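We just call them A, B and C in the order they show up, numbering each chain from 1.
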């Protein structure tokens, strides 16, 4: 342990010059019926002019609270209980009301997390850009403001800005909305820009382009950036300095590369070890070393590849009729001539960005939607040609685990009934036997059996996904369809669930179809990869081949977009 | 790992004892199992408003079931000699113009209001749930057809529809049941719409897809997963709708087209007292108070239920 | 926007035919006879009854009756009232009065309801908010005819500052009290609805972003909270036209306002079945048209609807 490290003044202060932002021992709490619940416990950090600092943490670490506290945007019950926030010499913690209007937008810009909900749906884009310019005294109403608004949008990377001004947020894609929000945040040339998970709602390729653009803009204008993210790789790639937060405290801070390559605090070490985007580079070593390093993937893939396929998809196509709003509907091909097969006991990853059709493939395989054409063969039978009892028997062999941990379990069923539902549906065993099986399954997914009479809302996201996995395993299926099953989880929990899945696979000889948008995770679990784009599979190969020598331009783009790929860990 | 490399001077590490690590994703559960309905029940029992409205609702029910517990007087024993007389011993609220005892008439009128309220609510809820559930869950042409039918029924405000029905129906056919049918037959579309909307948002949940992937039948999924998760707002509007039905009955009785002459009703009493508004306003005010308090108790109960069942409403409190 | 309006109109057409057909079917199928009902308890001379039946086309098959009625609607013929006056003539006299009453009521309930709801939502949990909630619950619970009598008694009889019945020509000042009564219930609902949406909008991300952009608090409230909170209120006012129509019938009857509502009120009291049916049909048509207008307004307020796919 390197606990010998002298606790230098938190957040340092040894750089030359005066810091732009200097937070000292900040405490923030939320007022509840049971008194004040602390959210930040003595956070200190500094940002120099023009510097980019990233705060990294899991959900609940207090990273967003810190960002909101700086510009007095804490939700109603949030209060700064002590500490100082010195910005350019002024204590923001002691500033409030109208005085703050001159700082927000003008001196400190803000780019929010979710582009979908951060533009007012009832006003057009031009209005929302223009009111910002007027409020911050950057333009007067009239022609002047329109011209400036066009400049703002053009700078933000929206080409046809004149037309865009008159459009409404719902006519924009997520990436375009985020460009508008970045434009608004930077429109007054602030000294500091706070970007709160600015791209986590976007596809990786879009994320990369937008962050590159943001870096150029802030670099040109010398704007300092406080970047909030849950992604260690992304943070290290985008910021000079990292601040790692855990449970309302800063556990480690310092130069980005050094923290990644030489993490000191056990929590940071955990994070570095679990971050899939970083780990995927480490996996480049020998298989044995990789297994020893993170205990995630036991090396069994090689021996399985030769097995016969348990599931074969051939020329699968799904056409939806889309309503155009003009009394007519249009065909839309969501899945276009998709073919693949998965050998027994292996994992195939189906990777694609939003709208690629990957989740539709899952629904077609599970026969939750009917295919327009093509076939899905499971255990030698085409699922589209069976019904009744035979279909029920096929369903037993193949079970799904879905993305949303908060939607995957019926909130009114307790855990016992949830896991027993497959057994009841398929009339397996007596009541007593079913109870025993439920206990066994809870044990298998490493949850205490005392949870049996609990309801899903009492559990965390990761625990719910364990329950969902237990339910999927109840009928002893051969195939699990994992549709973004770990995408909504924090990295550490994600790593746990991935480890559980790999363990179960080797134990029960399961076959996985692993559907994800996150190429980084693929490296950890998949034997084969199929990359989907606009309903088609553009590249399919073994995982190593896809990562080491991608053939398609799109695959290369996806790989390059994994945050933190360029970072060499000291391995 | 080369953890022995010298750290840069700006590298800060918090002492471990300040932020002890907790096992990743540790299981922590509260003392009692909780889900939406258990939570709602606990929440309601903490609210004074629940007891206030509950007591009045109970009182209304008891009065309706056993009116003779509250008065020994015969509300039909009217004598013109008592016409418009003020309160006296045994007659706390005085007499109507026809010389009937106001208090006794209010007590006996309770049953009418509650009966209509309950019959209408049953009718509306049954039709509303069936139509709303079918159109929301099965979608496609079933939804198209049922929603259009709902639109048509919704286009005729239910009190207006009841006015037409009661104006046309033969006098001798008038009864509490017919009046309730007349109100209820046009009041269901709002229940159906609320349920349909709720089902549309629930039916795409992952847990519904998981059940379908298990091979659970559509109807069973609707019954066991979708309906229980969609019914909360229906409970709320049903309670408030009961109040609406009581108002509708009173309005129609007030217009003189609701009930046969021998049935007592607050609306009728109010109607008969209107001519004496200047001289003897209290004969109008007393039944009005009874009516308003009964309505208020159901509306309050609806509000308490909404606050308990809708997490968004709970946050708004 | 054009497509949106076209779609709305196309949707209203089947509803219009369905609703009118439904009313006529009820009249036709119900066990009862509007003509016999006319005679009241005394009964009617069979010859007179037959003549009346012929006059109201009640002797013809159901679908013919309906087609005659609908055909009439398109040439402005709404039938004949029991007194022998064409319904369209009565409407020409009474509709302007009802329109004025309704406009007055809707304006009052909307303006006051939105303002009070806004302040209530912004001061959630404070005294103003709690009082507004209690008062609105009382307004919701008291049936409109009770409110009407109480208002008549307090303002007309006790205080003597308003007339209990409306004078000839229905001057605006006489309409104020009936309009207040008519507005009372919906006012309470609008207060509660506005409060709800204000509180929800206060927590919206775009409101936080608006503040982060540097907008002043008053501007955030006006441009981003109030504007968005009005969308559900407008929808409510649309569906509320049905209640307003019933309210107008009762209020106009009690205050003797010479409008469409009073005509219906009197026809109901006098058991003039056919007239009741005609006027209810007229009200249903008014309701549909009002809803169509509100939908168009809704489209203007919410671009997502306007451009909806």
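Just so it is clear, a contact is a pair of C-beta atoms (placed from the backbone, for glycine too) under 8 Å apart; a residue touches a chain by one contact, two chains touch by 3 or more.
The structure presented is a predicted model; accordingly, all values stated were derived computationally and were not measured.
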When you draw the chains as points and link the ones that touch, which shape shows up: line, ring, star, complete, or other? complete
Report the chain whose CA-based centre is farthest from the CA-based centre of chain A. C
Please state whether A-B or A-C has more C-beta contact pairs across its interface. A-B
So the centre of each chain is just the mean of its C-alpha atoms; given that, what is the distance between chain B and chain C in Å? 22
Chain A to chain B: how many Å between their CA centres? 42
Distance from the mean Cα position of chain C to that of chain A, given in whole angstrom: 50
Taking each residue of chain C in turn, which ones touch at least two of the other chains? none
Report the residues of chain C in contact with chain A in the complex, numbered from low to high. 3, 7, 10, 202-217, 219, 223-224, 227-228, 231, 301-304, 307-309
So, in the complex, the side of chain C touching chain B is made of residues 11, 14-16, 18-19, 22-23, 26-27, 30-34, 36-37, 41, 124-125, 137-138, 140-146, 149-150, 152-153, 157, 195-196, 199-200, 242-243, 245-246, 249-250, 254, 264-265, 268-269, 271, 273, 276-277, 280, 283-284, 287-288
Within their complex, chain B touches chain A through residues 1-5, 7-16, 18-19, 21-22, 24-25, 27, 29-30, 33-38, 205-207, 209-216, 225, 228-229
Chain C contact footprint on chain A (complex, rising order): 71, 73, 75-76, 98, 101-106, 110, 112-114, 117-124, 131-132, 135-136, 168, 170-171, 181, 184-185, 188, 322-327
Can you check the complex and tell me which residues of chain A touch chain B? 2-3, 5, 7-12, 14-15, 241, 246-247, 249-255, 258-259, 261-262, 264-267, 270, 363, 366-368, 391-392, 395-396, 398-400, 402-404, 407-414, 421-422, 425-426, 447-448, 451, 453-460, 462-463, 468, 471-472, 475, 492-493, 496, 570-571
